[in-house]
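Comments concern the structure below.
Chain nomenclature is as follows: A, B, C and D, assigned in order of appearance, with residue numbering initiated at 1 for each chain independently.
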Amino acid sequence: MHLRRLKRIEGQVRGLERMVDEEKYCIDILTQISAVTSALKSVSLELLAEHMSHCVARAAQAGGQEAEDKIAEANQAIARLVKA
Amino acid sequence: MHLRRLKRIEGQVRGLERMVDEEKYCIDILTQISAVTSALKSVSLELLAEHMSHCVARAAQAGGQEAEDKIAEANQAIARLVKA
Amino acid sequence: MHLRRLKRIEGQVRGLERMVDEEKYCIDILTQISAVTSALKSVSLELLAEHMSHCVARAAQAGGQEAEDKIAEANQAIARLVKA
Amino acid sequence: MHLRRLKRIEGQVRGLERMVDEEKYCIDILTQISAVTSALKSVSLELLAEHMSHCVARAAQAGGQEAEDKIAEANQAIARLVKA
(Lines give C-alpha, C1' and ligand atoms only; values in the text may rest on other atoms or scores of the structure.)
Protein backbone atom coordinates (compact mmCIF):
# COMPACT_ATOMS: atom_id res chain seq x y z
CA MET A 1 0.00 0.00 0.00
CA HIS A 2 2.84 2.42 0.85
CA LEU A 3 4.54 1.31 -2.34
CA ARG A 4 1.51 2.22 -4.43
CA ARG A 5 1.30 5.66 -2.82
CA LEU A 6 5.00 6.27 -3.37
CA LYS A 7 4.68 5.27 -7.03
CA ARG A 8 1.91 7.82 -7.40
CA ILE A 9 4.11 10.43 -5.72
CA GLU A 10 6.92 9.54 -8.14
CA GLY A 11 4.46 10.13 -10.99
CA GLN A 12 3.53 13.50 -9.49
CA VAL A 13 7.20 14.51 -9.29
CA ARG A 14 7.66 13.53 -12.95
CA GLY A 15 4.60 15.68 -13.69
CA LEU A 16 6.37 18.55 -11.92
CA GLU A 17 9.43 18.07 -14.11
CA ARG A 18 7.26 18.27 -17.21
CA MET A 19 5.57 21.42 -15.91
CA VAL A 20 8.95 23.07 -15.29
CA ASP A 21 10.26 21.89 -18.67
CA GLU A 22 7.22 23.30 -20.49
CA GLU A 23 7.51 26.53 -18.47
CA LYS A 24 4.03 26.13 -17.02
CA TYR A 25 2.65 28.90 -14.83
CA CYS A 26 4.59 29.18 -11.58
CA ILE A 27 1.55 29.19 -9.30
CA ASP A 28 0.26 25.95 -10.86
CA ILE A 29 3.64 24.30 -10.21
CA LEU A 30 3.57 25.53 -6.60
CA THR A 31 0.06 24.13 -6.11
CA GLN A 32 1.25 20.77 -7.37
CA ILE A 33 4.35 20.83 -5.09
CA SER A 34 2.08 21.51 -2.09
CA ALA A 35 0.03 18.45 -3.07
CA VAL A 36 3.14 16.26 -3.27
CA THR A 37 4.40 17.54 0.09
CA SER A 38 1.03 16.73 1.71
CA ALA A 39 1.04 13.26 0.15
CA LEU A 40 4.55 12.60 1.51
CA LYS A 41 3.48 13.76 4.97
CA SER A 42 0.53 11.35 4.88
CA VAL A 43 2.79 8.44 3.97
CA SER A 44 5.22 9.33 6.74
CA LEU A 45 2.43 9.60 9.34
CA GLU A 46 1.15 6.16 8.31
CA LEU A 47 4.62 4.61 8.45
CA LEU A 48 5.21 6.19 11.85
CA ALA A 49 1.85 4.94 13.17
CA GLU A 50 2.73 1.39 12.10
CA HIS A 51 6.19 1.70 13.59
CA MET A 52 4.64 2.79 16.91
CA SER A 53 2.10 -0.06 16.92
CA HIS A 54 4.63 -2.75 16.14
CA CYS A 55 8.24 -1.91 16.77
CA VAL A 56 7.89 0.61 19.61
CA ALA A 57 5.10 -1.32 21.36
CA ARG A 58 7.13 -4.55 21.25
CA ALA A 59 10.27 -2.85 22.57
CA ALA A 60 8.30 -1.15 25.34
CA GLN A 61 6.83 -4.49 26.34
CA ALA A 62 10.30 -6.02 26.55
CA GLY A 63 11.37 -3.01 28.65
CA GLY A 64 14.90 -2.00 29.66
CA GLN A 65 17.44 -0.24 27.48
CA GLU A 66 15.91 -1.50 24.24
CA ALA A 67 12.60 0.17 25.15
CA GLU A 68 14.28 3.46 25.99
CA ASP A 69 16.33 3.40 22.79
CA LYS A 70 13.33 2.70 20.54
CA ILE A 71 11.31 5.47 22.15
CA ALA A 72 14.18 7.96 21.91
CA GLU A 73 14.62 7.00 18.25
CA ALA A 74 10.89 7.47 17.55
CA ASN A 75 10.95 10.87 19.26
CA GLN A 76 13.83 11.99 17.05
CA ALA A 77 11.99 10.84 13.93
CA ILE A 78 8.89 12.76 15.04
CA ALA A 79 10.96 15.91 15.59
CA ARG A 80 12.42 15.58 12.07
CA LEU A 81 8.92 15.17 10.61
CA VAL A 82 7.56 18.19 12.48
CA LYS A 83 10.48 20.34 11.31
CA ALA A 84 10.76 19.05 7.72
CA MET B 1 10.52 23.77 33.09
CA HIS B 2 7.63 23.69 30.58
CA LEU B 3 5.90 26.32 32.70
CA ARG B 4 8.89 28.63 32.48
CA ARG B 5 9.07 28.24 28.69
CA LEU B 6 5.35 28.89 28.33
CA LYS B 7 5.64 32.04 30.48
CA ARG B 8 8.38 33.26 28.17
CA ILE B 9 6.16 32.49 25.16
CA GLU B 10 3.31 34.44 26.83
CA GLY B 11 5.73 37.36 27.18
CA GLN B 12 6.63 37.07 23.49
CA VAL B 13 2.94 37.14 22.52
CA ARG B 14 2.46 40.28 24.64
CA GLY B 15 5.47 41.73 22.82
CA LEU B 16 3.68 40.96 19.53
CA GLU B 17 0.57 42.81 20.75
CA ARG B 18 2.74 45.85 21.57
CA MET B 19 4.37 45.70 18.12
CA VAL B 20 0.96 45.58 16.40
CA ASP B 21 -0.37 48.36 18.65
CA GLU B 22 2.62 50.60 17.87
CA GLU B 23 2.31 49.74 14.16
CA LYS B 24 5.80 48.32 13.99
CA TYR B 25 7.16 47.15 10.65
CA CYS B 26 5.25 44.13 9.35
CA ILE B 27 8.32 42.03 8.57
CA ASP B 28 9.65 42.49 12.11
CA ILE B 29 6.33 41.28 13.51
CA LEU B 30 6.42 38.25 11.17
CA THR B 31 9.96 37.40 12.28
CA GLN B 32 8.80 37.47 15.88
CA ILE B 33 5.75 35.28 15.13
CA SER B 34 8.04 32.70 13.48
CA ALA B 35 10.13 32.68 16.67
CA VAL B 36 7.05 32.10 18.86
CA THR B 37 5.82 29.31 16.55
CA SER B 38 9.22 27.58 16.75
CA ALA B 39 9.25 27.92 20.54
CA LEU B 40 5.77 26.34 20.76
CA LYS B 41 6.87 23.48 18.52
CA SER B 42 9.86 22.82 20.79
CA VAL B 43 7.63 22.71 23.87
CA SER B 44 5.23 20.32 22.16
CA LEU B 45 8.05 18.01 21.02
CA GLU B 46 9.37 17.89 24.59
CA LEU B 47 5.93 17.18 26.05
CA LEU B 48 5.37 14.47 23.46
CA ALA B 49 8.76 12.88 24.16
CA GLU B 50 7.94 12.73 27.88
CA HIS B 51 4.50 11.33 27.14
CA MET B 52 6.05 8.59 25.02
CA SER B 53 8.66 7.70 27.66
CA HIS B 54 6.17 7.51 30.50
CA CYS B 55 2.55 7.10 29.52
CA VAL B 56 2.89 5.25 26.21
CA ALA B 57 5.76 3.03 27.43
CA ARG B 58 3.77 2.05 30.55
CA ALA B 59 0.63 1.28 28.57
CA ALA B 60 2.61 -0.75 26.02
CA GLN B 61 4.15 -2.74 28.85
CA ALA B 62 0.70 -3.50 30.25
CA GLY B 63 -0.40 -4.55 26.75
CA GLY B 64 -3.91 -5.23 25.51
CA GLN B 65 -6.53 -2.66 24.59
CA GLU B 66 -5.03 0.04 26.82
CA ALA B 67 -1.73 -0.22 24.89
CA GLU B 68 -3.47 0.04 21.53
CA ASP B 69 -5.56 3.00 22.66
CA LYS B 70 -2.60 4.96 24.01
CA ILE B 71 -0.60 4.38 20.84
CA ALA B 72 -3.52 5.37 18.61
CA GLU B 73 -3.99 8.50 20.72
CA ALA B 74 -0.29 9.38 20.47
CA ASN B 75 -0.39 8.87 16.68
CA GLN B 76 -3.31 11.27 16.39
CA ALA B 77 -1.49 13.88 18.47
CA ILE B 78 1.60 13.52 16.25
CA ALA B 79 -0.54 13.99 13.11
CA ARG B 80 -2.03 17.19 14.59
CA LEU B 81 1.46 18.49 15.41
CA VAL B 82 2.78 17.74 11.94
CA LYS B 83 -0.20 19.49 10.32
CA ALA B 84 -0.50 22.45 12.72
CA MET C 1 -8.25 43.04 14.44
CA HIS C 2 -4.77 41.47 14.67
CA LEU C 3 -4.55 42.86 18.19
CA ARG C 4 -7.75 41.10 19.20
CA ARG C 5 -6.55 37.79 17.78
CA LEU C 6 -3.19 38.12 19.52
CA LYS C 7 -4.94 38.84 22.83
CA ARG C 8 -6.94 35.66 22.38
CA ILE C 9 -3.71 33.76 21.63
CA GLU C 10 -2.16 35.25 24.80
CA GLY C 11 -5.18 33.92 26.70
CA GLN C 12 -4.68 30.49 25.13
CA VAL C 13 -1.01 30.48 26.18
CA ARG C 14 -2.05 31.37 29.75
CA GLY C 15 -4.51 28.49 29.55
CA LEU C 16 -1.59 26.23 28.57
CA GLU C 17 0.37 27.40 31.63
CA ARG C 18 -2.58 26.52 33.86
CA MET C 19 -2.87 23.09 32.22
CA VAL C 20 0.84 22.39 32.80
CA ASP C 21 0.62 23.74 36.36
CA GLU C 22 -2.37 21.52 37.16
CA GLU C 23 -0.63 18.54 35.49
CA LYS C 24 -3.42 18.08 32.96
CA TYR C 25 -3.22 15.16 30.56
CA CYS C 26 -0.34 15.53 28.14
CA ILE C 27 -2.36 14.84 25.01
CA ASP C 28 -4.87 17.56 25.92
CA ILE C 29 -2.02 20.05 26.33
CA LEU C 30 -0.60 19.01 22.94
CA THR C 31 -3.99 19.47 21.28
CA GLN C 32 -4.17 22.98 22.71
CA ILE C 33 -0.61 23.81 21.55
CA SER C 34 -1.52 22.70 18.01
CA ALA C 35 -4.49 25.09 18.15
CA VAL C 36 -2.29 28.00 19.26
CA THR C 37 0.27 27.23 16.54
CA SER C 38 -2.47 27.21 13.89
CA ALA C 39 -3.86 30.51 15.20
CA LEU C 40 -0.40 32.10 15.03
CA LYS C 41 0.05 30.87 11.47
CA SER C 42 -3.28 32.43 10.48
CA VAL C 43 -2.27 35.78 11.95
CA SER C 44 1.06 35.67 10.17
CA LEU C 45 -0.56 34.80 6.81
CA GLU C 46 -2.93 37.76 7.22
CA LEU C 47 -0.13 40.14 8.14
CA LEU C 48 1.91 38.92 5.19
CA ALA C 49 -1.03 39.32 2.79
CA GLU C 50 -1.50 42.93 3.94
CA HIS C 51 2.21 43.58 3.66
CA MET C 52 2.16 42.28 0.08
CA SER C 53 -0.88 44.36 -0.90
CA HIS C 54 0.48 47.59 0.54
CA CYS C 55 4.18 47.73 1.15
CA VAL C 56 5.44 45.33 -1.53
CA ALA C 57 2.97 46.54 -4.17
CA ARG C 58 3.95 50.19 -3.54
CA ALA C 59 7.67 49.42 -3.71
CA ALA C 60 7.21 47.38 -6.90
CA GLN C 61 5.34 50.28 -8.44
CA ALA C 62 8.18 52.67 -7.59
CA GLY C 63 10.61 50.12 -9.09
CA GLY C 64 14.40 50.10 -8.86
CA GLN C 65 16.47 48.97 -5.89
CA GLU C 66 13.69 49.65 -3.37
CA ALA C 67 11.42 47.22 -5.23
CA GLU C 68 14.07 44.51 -5.34
CA ASP C 69 14.87 44.96 -1.66
CA LYS C 70 11.24 44.76 -0.53
CA ILE C 71 10.63 41.64 -2.59
CA ALA C 72 13.81 39.96 -1.31
CA GLU C 73 12.77 40.85 2.25
CA ALA C 74 9.27 39.40 1.72
CA ASN C 75 10.77 36.21 0.28
CA GLN C 76 12.95 35.78 3.34
CA ALA C 77 9.97 36.28 5.65
CA ILE C 78 8.00 33.67 3.67
CA ALA C 79 10.88 31.19 3.98
CA ARG C 80 10.98 31.74 7.76
CA LEU C 81 7.22 31.16 7.98
CA VAL C 82 7.38 27.98 5.91
CA LYS C 83 10.21 26.62 8.05
CA ALA C 84 8.95 27.80 11.49
CA MET D 1 18.19 24.30 -12.38
CA HIS D 2 14.76 23.48 -10.91
CA LEU D 3 14.55 20.60 -13.36
CA ARG D 4 17.79 19.13 -12.08
CA ARG D 5 16.61 19.38 -8.46
CA LEU D 6 13.29 17.77 -9.33
CA LYS D 7 15.07 14.92 -11.11
CA ARG D 8 17.12 14.34 -7.97
CA ILE D 9 13.90 14.38 -5.90
CA GLU D 10 12.37 11.83 -8.31
CA GLY D 11 15.44 9.65 -7.73
CA GLN D 12 14.97 10.00 -3.97
CA VAL D 13 11.31 8.93 -4.25
CA ARG D 14 12.38 5.88 -6.26
CA GLY D 15 14.91 5.18 -3.51
CA LEU D 16 12.00 5.31 -1.04
CA GLU D 17 10.06 2.76 -3.10
CA ARG D 18 13.05 0.43 -3.03
CA MET D 19 13.39 0.86 0.74
CA VAL D 20 9.70 0.00 1.25
CA ASP D 21 9.94 -2.91 -1.17
CA GLU D 22 12.98 -4.33 0.62
CA GLU D 23 11.26 -3.75 3.99
CA LYS D 24 14.03 -1.48 5.22
CA TYR D 25 13.87 -0.15 8.76
CA CYS D 26 10.94 2.21 9.22
CA ILE D 27 12.93 4.99 10.89
CA ASP D 28 15.41 5.06 7.98
CA ILE D 29 12.52 5.43 5.53
CA LEU D 30 11.07 8.26 7.64
CA THR D 31 14.42 10.04 7.70
CA GLN D 32 14.57 9.83 3.92
CA ILE D 33 10.98 11.12 3.55
CA SER D 34 11.86 14.13 5.74
CA ALA D 35 14.80 14.82 3.41
CA VAL D 36 12.56 14.70 0.32
CA THR D 37 9.97 16.96 1.97
CA SER D 38 12.68 19.52 2.81
CA ALA D 39 14.03 19.37 -0.73
CA LEU D 40 10.53 20.00 -2.16
CA LYS D 41 10.06 22.95 0.19
CA SER D 42 13.35 24.45 -1.00
CA VAL D 43 12.30 24.13 -4.64
CA SER D 44 8.93 25.73 -3.91
CA LEU D 45 10.54 28.65 -2.01
CA GLU D 46 12.86 29.26 -4.96
CA LEU D 47 10.03 29.11 -7.49
CA LEU D 48 7.97 31.47 -5.35
CA ALA D 49 10.87 33.92 -4.98
CA GLU D 50 11.29 34.02 -8.76
CA HIS D 51 7.56 34.44 -9.26
CA MET D 52 7.58 37.40 -6.85
CA SER D 53 10.57 39.05 -8.56
CA HIS D 54 9.18 38.70 -12.06
CA CYS D 55 5.47 38.12 -12.33
CA VAL D 56 4.23 39.84 -9.18
CA ALA D 57 6.65 42.78 -9.51
CA ARG D 58 5.62 43.35 -13.14
CA ALA D 59 1.91 43.18 -12.32
CA ALA D 60 2.35 45.54 -9.36
CA GLN D 61 4.15 48.00 -11.62
CA ALA D 62 1.29 47.89 -14.09
CA GLY D 63 -1.12 48.47 -11.19
CA GLY D 64 -4.89 48.16 -11.19
CA GLN D 65 -6.89 44.96 -11.05
CA GLU D 66 -4.10 42.86 -12.56
CA ALA D 67 -1.80 43.87 -9.68
CA GLU D 68 -4.41 43.03 -7.05
CA ASP D 69 -5.17 39.68 -8.66
CA LYS D 70 -1.52 38.62 -8.89
CA ILE D 71 -0.90 39.56 -5.28
CA ALA D 72 -4.02 37.75 -4.07
CA GLU D 73 -2.95 34.70 -6.07
CA ALA D 74 0.57 34.79 -4.58
CA ASN D 75 -0.90 35.09 -1.07
CA GLN D 76 -3.03 32.00 -1.64
CA ALA D 77 -0.02 30.05 -2.89
CA ILE D 78 1.97 31.11 0.19
CA ALA D 79 -0.87 29.95 2.48
CA ARG D 80 -0.92 26.55 0.74
CA LEU D 81 2.85 26.23 1.16
CA VAL D 82 2.73 27.15 4.85
CA LYS D 83 -0.05 24.64 5.48
CA ALA D 84 1.22 21.79 3.23
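Throughout what follows, contacts are C-beta pairs under 8 Å (C-beta built on N, C-alpha and C of every residue); 3 or more make two chains touch, one makes a residue touch a chain.
Chain by chain, the UniProt names read as follows: A, B, C, D = Metal-sensitive transcriptional regulator.
Treat the numbers as computed from the prediction; the structure is a model and nothing was measured.
When the C-beta contacts at A-D and at C-D are tallied, the pair with the greater total is A-D.
The distance from the centre of subunit A to the centre of subunit C, with each centre set as the mean of the Cα atoms, comes to 25 Å. We define each chain's centre as the mean of its Cα atoms; on that basis subunit C and subunit D are separated by 20 Å. A straight line joining the Cα centres of subunit A and subunit D is 15 Å long.
Residues of subunit A in contact with two or more other chains: 41, 44, 48, 74, 81, 83. The touch graph of these protein chains is a ring, one cycle where each chain has exactly two neighbours.
Remark: subunit D residues 41, 44-45, 48-49, 52-53, 56-57, 60-61, 63, 67-68, 71, 74-75, 78-79, 81-83 touch subunit C in the complex.
Remark: subunit C residues 2-3, 6-7, 9-10, 13-14, 16-17, 20-21, 26-27, 29-31, 33-38, 40-41, 43-44, 47-48, 50-51, 55, 73-74, 77, 80-81, 83-84 touch subunit B in the complex.
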